[in-house]
Amino acid sequence: MKPTMNVEFCGVEFKNPVLTASGTFGFGREYSSFYDLSELGGICIKGITPKKRIGNPPPRIAETPMGILNSVGLQNPGIDAFISEELPFLKQFDTRVIANISGNTVSEYCEMAEKISDSQVDLIEMNISCPNVKAGGMAFGTSSSMVFDVVSETKKYAKKPLVVKLSPNVTDITEIAVAAENAGASGLSLINTILGMRIDIKTKRPILHQNTGGLSGPAVLPIAIRMVYQVKKAVKIPLIGMGGISCGNDAVEMMLAGASLVSVGTACFSNPMAPIEVRDGIQKYLEDCKRSSVHDLCGGLIEY
Amino acid sequence: MIKDFSAQIKKISALSDTTFDFELFVGETAKEAAPGRFVSISCGDQRILRRPISICDASPSEGTIRIIFEIRGEGTKWLSEQKVGGILKVLGPVGNGFKLGGLCDLPALFVAGGIGTPPIYYAAKNTPGKNDLVAGFRNKSAVILEEDMLHIANAVMVCTDDGSYGIHGLVTTEVEKLLLKQQYGAIFACGPRAMLKATAELAEQYHIPCQVSLEERMGCSVGACLVCACAIKGKDGMEYKHVCKDGPVFDAKDVQF
Amino acid sequence: MKPTMNVEFCGVEFKNPVLTASGTFGFGREYSSFYDLSELGGICIKGITPKKRIGNPPPRIAETPMGILNSVGLQNPGIDAFISEELPFLKQFDTRVIANISGNTVSEYCEMAEKISDSQVDLIEMNISCPNVKAGGMAFGTSSSMVFDVVSETKKYAKKPLVVKLSPNVTDITEIAVAAENAGASGLSLINTILGMRIDIKTKRPILHQNTGGLSGPAVLPIAIRMVYQVKKAVKIPLIGMGGISCGNDAVEMMLAGASLVSVGTACFSNPMAPIEVRDGIQKYLEDCKRSSVHDLCGGLIEY
Amino acid sequence: MIKDFSAQIKKISALSDTTFDFELFVGETAKEAAPGRFVSISCGDQRILRRPISICDASPSEGTIRIIFEIRGEGTKWLSEQKVGGILKVLGPVGNGFKLGGLCDLPALFVAGGIGTPPIYYAAKNTPGKNDLVAGFRNKSAVILEEDMLHIANAVMVCTDDGSYGIHGLVTTEVEKLLLKQQYGAIFACGPRAMLKATAELAEQYHIPCQVSLEERMGCSVGACLVCACAIKGKDGMEYKHVCKDGPVFDAKDVQF
C-alpha cells in the first residue's frame, strides 16, 4: 500500500506536503509547461504588494558555494492585477494557492489581507522578512514587538489562515515565532533568505546592484533545519519548512525537525522538476521505512 | 516549449585556448532552435545556476545544435573540460530570437562583438539577401567564426581592438562608415553593452530598425524568478522586462541603455 | 617586482595576511609536517579555557552542502598546559601566535587575559561567540551590553592587543561590533560559526550528539563577506575576516569587503595546504592586477 | 609521516553491488602502510570532508595499496563511480595500527565484522603463527575476502546474521566458543561497535589482551580539529582521545564503550 501523502494544515487539506517557495515560481505559468501543477501540494506565489513594484536594478543574482544571492526587490504587478490576471490561471489546477503578501506599513498588510481574503486563495503568507526592500520587509520581522503588532493587526482582516514567514536574520528566532503565535498567526513559515554578499574581484564591485542580497539554496539547509527544530519546540502552531531543500531526503529532515509542509525554491533553478522529485522522494522514504502516512514525519526527531 | 533534457556532446573543437565549439545532440528540440534563442546548461553539480549560451547553429535533420562559448569563470571552465560522448543537462531553447522575417527588400546589417558573434552568425545565415556583417574582437587570437561568416554574408568586416588582425578599431566605427555609404533595412546586434548602445544610437540616427540581444545574470531561465531584469521603456515609464522570457532580443529603441 | 604582503595589525607586524582559524589547526603541530609554519602570517590556536575541558561527546561533526557542522565544545588542555607545553613549540617558528580564549564568566576572561599577556603570544582573540558550550560562549556575544561589559573588563587585564571574535548569530552584527569597539577592543574577528543542524533520516537522530553545531566552510562565505562589509562601515578598528575562505580569490573578496587579515579554517580539512594556497593566490591576484601591496585591498570595495 | 598526495586507481573489482575493491598506486607511501592504518580520501569537490578508509593490503615493492569499501552514502557512492586510471586525492597513511609485534607464542584470534574485515585481513596476514579468524556479515552477499582469508589464517569461520552463508549467528558466539576451546595470546577486532564491545568483554573475561579499531566521523584526519573523539578511560577519569591520531586502534580495556 502506498503511504498517504495528504496533510491538513491550518484547516486546509493539501494533497501532498510539497509547495513551491514564494518568488522562485512566479505565478506558476512558466513551470506549467514542465508538469501538471495539480501534482503539487500547493503553490506559493511571488510576493505581492498593494501597488505594482518594478523591483531593484540588475544584477539581481549571484552564485555562491551551493547557494545563490538574490535581490529582486519584490517586483510584482500589484495585488489587483494578481487577483484579476494571475489567480484565475492558478485556480484551473487542483492544488492549493498561497498568497505571499508584503507591505511597507501595518495598514498596507491589513488592506492586502482583507482584499486577498475575498479572493480564491487558500492561505495567506505574510512576508515580514524580505531582506531586499528598504521599508517594511525584514525590518518588521526582526523585532518581536513589531512582529506582534503587525501580525495582530493583520489578523483582524484575514479571513483565511494567516501564515507568518520568519526571517532567519535574527539572534533568537523562537522569540519572533512566539510573538507571531501570540499575535494570532495560524502557522509559521521559515526560513526566508539570509543576508549575504559577493564581490567581483575584477571590478571590485559587489555582484548585486543592491550590494547585498538574500542567500538561499542547499548552503542554508542546516541553518533552516536548526531554526525549524527550535521553533517547533517553542510554538504549537504548525510550520512550513523551507531553505535549501533539493531532494526528498532534505524534505524528510525538515519534516523530522518539525515542518508539516515543505517548500522548494532555489532547487527549481537547477532542476525544474525538483518539487515533483522531492514529493516522490518523500514517498519513497516512507515506503522504504514502511510508514503508512506522511504525518508520521512531522517532529519525529529523536533528540539527544 | 522549453524542455529540460540530456544532450550528448558529439563534437568539440577548441577555437582558441579559451573558446570552444560544441556540437550537441538534442533530438527533436533542434527544430525549435532559432537565431537569438539560447540554452541554459548545468555546469556541474556543485554549481546551482545554469549558464545561458546562445545557439550558434542548428541542424533539425541531424537533431543537433552548435554552441560556442568562452571561458569566463568556473562554470564555463567546467564546460570546457567535458569530453565528447559526455552528457550535459540542458534547458531550452529559451527566449525570443531575432525577428528576421518581414524585412523590406533592403539588405540587413549584422553587428557582432566578441562572444556575441555566434548568434549573429546564426541570424545572418538564416536571413536571405546581400547582407553585411561587421564583427569586432579584442585581438587576433579572439577572432572566431570568420570562415563560417564569409560563406553567409555579402561583405564581412573583422575588426580588432588592438589592430592585430583585420581592421584596427571599433565595430561601431565601421558600422557608421557603412551606414553613410549604403541603405540597410535593419540592424541586428549582439555583443558588449557599450557596443550595443553605440549601435542603437547609430540606428536611431539613421532611422534604421535595430534589434539587440542582451545579457543578464539568470536564475530560473524560464521567466519565473524575475532576476534577469533589463530596463525597458514602457508606456508608463521604465520597467524591468526579463532577458530570458521577454528577450534576449529587444527592439533597440525600447532598451534603456 | 613582487607585491609586498606584510600587514600591520593592531601594531603587530604580520609577514602576510593569512592566518589559520582557531580550532581547525590545533596548536600547529599536526600541520607542521605538511609545510613550514613560518610560511604563515599567523596561527590562531584552538580555543583555550582557564581549566582543561574534555569537550562534547561524539559525533562532533556533520557534513552539509559545501559546509560542515561542528560541536567540539572547546576541548583543550587549559591555559597553563598551553603555555607550558604548546607555546614553546609554536615559538620556534617565525610567525605570529594568536591566543584564542574562552571563559564562562567575566572574571574568567580577565584571568586568562592577564595570564596570557605574560606569555609570548602576539595577540589575544577573545571568543565570545562559541555556539557549542552552554555557559559563556555565544551567550556573551549576542547582546551588545554584555559584549560591552565583558570586553571592557577584560581589556583592563590585557597587555597585548585584544581582538574580539564576533558571533554571526545576531540580528545586527554592527551593533555588537560597535559595543566591542567602544569597550576598547583593538580589533575584531568575524565570523564564528552559524548555528545549524543535520538529522540522520535513518535513525531520526541529529547527527551531532549536541543536536546542533556550528556551520563553517564555503557555504557561509557570502554571509561572512556581508558581515565584514557591514562591520567595516561601522567601526574604525581593523578586522580579521574568516568564514568559508578556501582560495586566494575568496580571501581577496574578504579583504575588499574590509578585512586586514584573513583566517582559513575548514578549508584545511579538504586541503591541508589551503592556507599556503590562499596566500599564494592573494599574491597572484596582486601581481595580475599590478598592485604593489596587499594594503591596497582592505576595504577597496566600490559600492553601488 | 602523513602526506597529501594523488593516487591513481590501478584496478577496480566490484565484490558485490555495493562493495568495491580498489588498488591504488601510491608510490613510496606504500612503505608506510600498516594494518589498522587508514587513508582519507576526497570524494568529489562538492564534499568538504574526506572519507576514512582502512588500508586492506599494501605492496611496497609495487608502490600500491588496496582498499575495500562499501557504499554507505553520497561520498562512497561517488568513489564507487570512479574509473581505472582516475586520480584520487588521498591523505595518509593516518593513525596507529595494530600492535602485532611482541606477541607471546600463543596464536592470535582475529575478529571481523562486515566492512571491518579488510584491516583484520591485513593484520592477520602480517601476523605469523597459527592464527584463527572469525568474520561476520549481514548475509551471503555481504561476505568479502573469504578466499584471501583462507590463505592467511589457520581456521577461518564465516558467520552470517541470517544464516544465508556459513555459520548462522553472531561472530561473538563463535569467539566465545573458540575461547573456551583454546588459548590465544591476543585478540584483534574491527567491526560494528556492538561487536567490539562484546568482544572486549569476552577478552576481559578470558584475560586476553585485546586491541580494537574504532570508527568516528572525521574532520581534518590529522589530529588538529578534535572532532573524531572517542571516550577513553584515563588516569583522571574519562577523556576524549582522537581516532585519527591516538587510534584508530586502542587497547580494548581503555575504551569506554
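Should a chain be cited, it is by its letter among A, B, C and D, assigned in written order, with residues numbered from 1 in that chain.
Definition applied: a contact is a pair of C-beta atoms (placed from the backbone, for glycine too) under 8 Å apart; a residue touches a chain by one contact, two chains touch by 3 or more.
Since the structure is predicted, the reported quantities are computational estimates derived from the model, not experimental observations.
Common neighbours of chain B and chain C under the contact rule above are A, D.
Between chain A and chain C, the least number of touching-chain steps is 1. For this pair, chain A with chain D, the centres built from the Cα atoms lie 46 Å apart.
Mean C-alpha position of chain C lies 36 Å from that of chain D. If you average the Cα atoms of chain B and of chain D, the two centres end up 57 Å apart. Of all residues in chain C, those that touch two or more other chains are 62, 65-67, 217-218.
Residue positions 46 of chain D are each in touch with at least two other chains. Because contacts link each chain to exactly two others and close back on themselves, their graph is best described as a ring. Interface note: chains touch in the pairs A-B, A-C, B-D, C-D. For chain A in complex with chain B, the touching residues are 23-26, 29-31, 33-34, 46, 54-63, 65-68, 70, 72, 75, 207, 217-218, 266, 268-273. Chain A contributes residues 62, 64-67, 69, 142, 169-172, 194-199, 201, 203-206, 208-212, 215, 217-223, 225-226, 229, 244, 249, 252-253, 256-257, 285, 300-304 to its touches with chain C in the complex.
Across the complex, chain B meets chain D through its residues 45-46. Looking at the complex, you find that chain B touches chain A at residues 1-2, 4, 42, 46-50, 91, 216-231, 238-240, 245.
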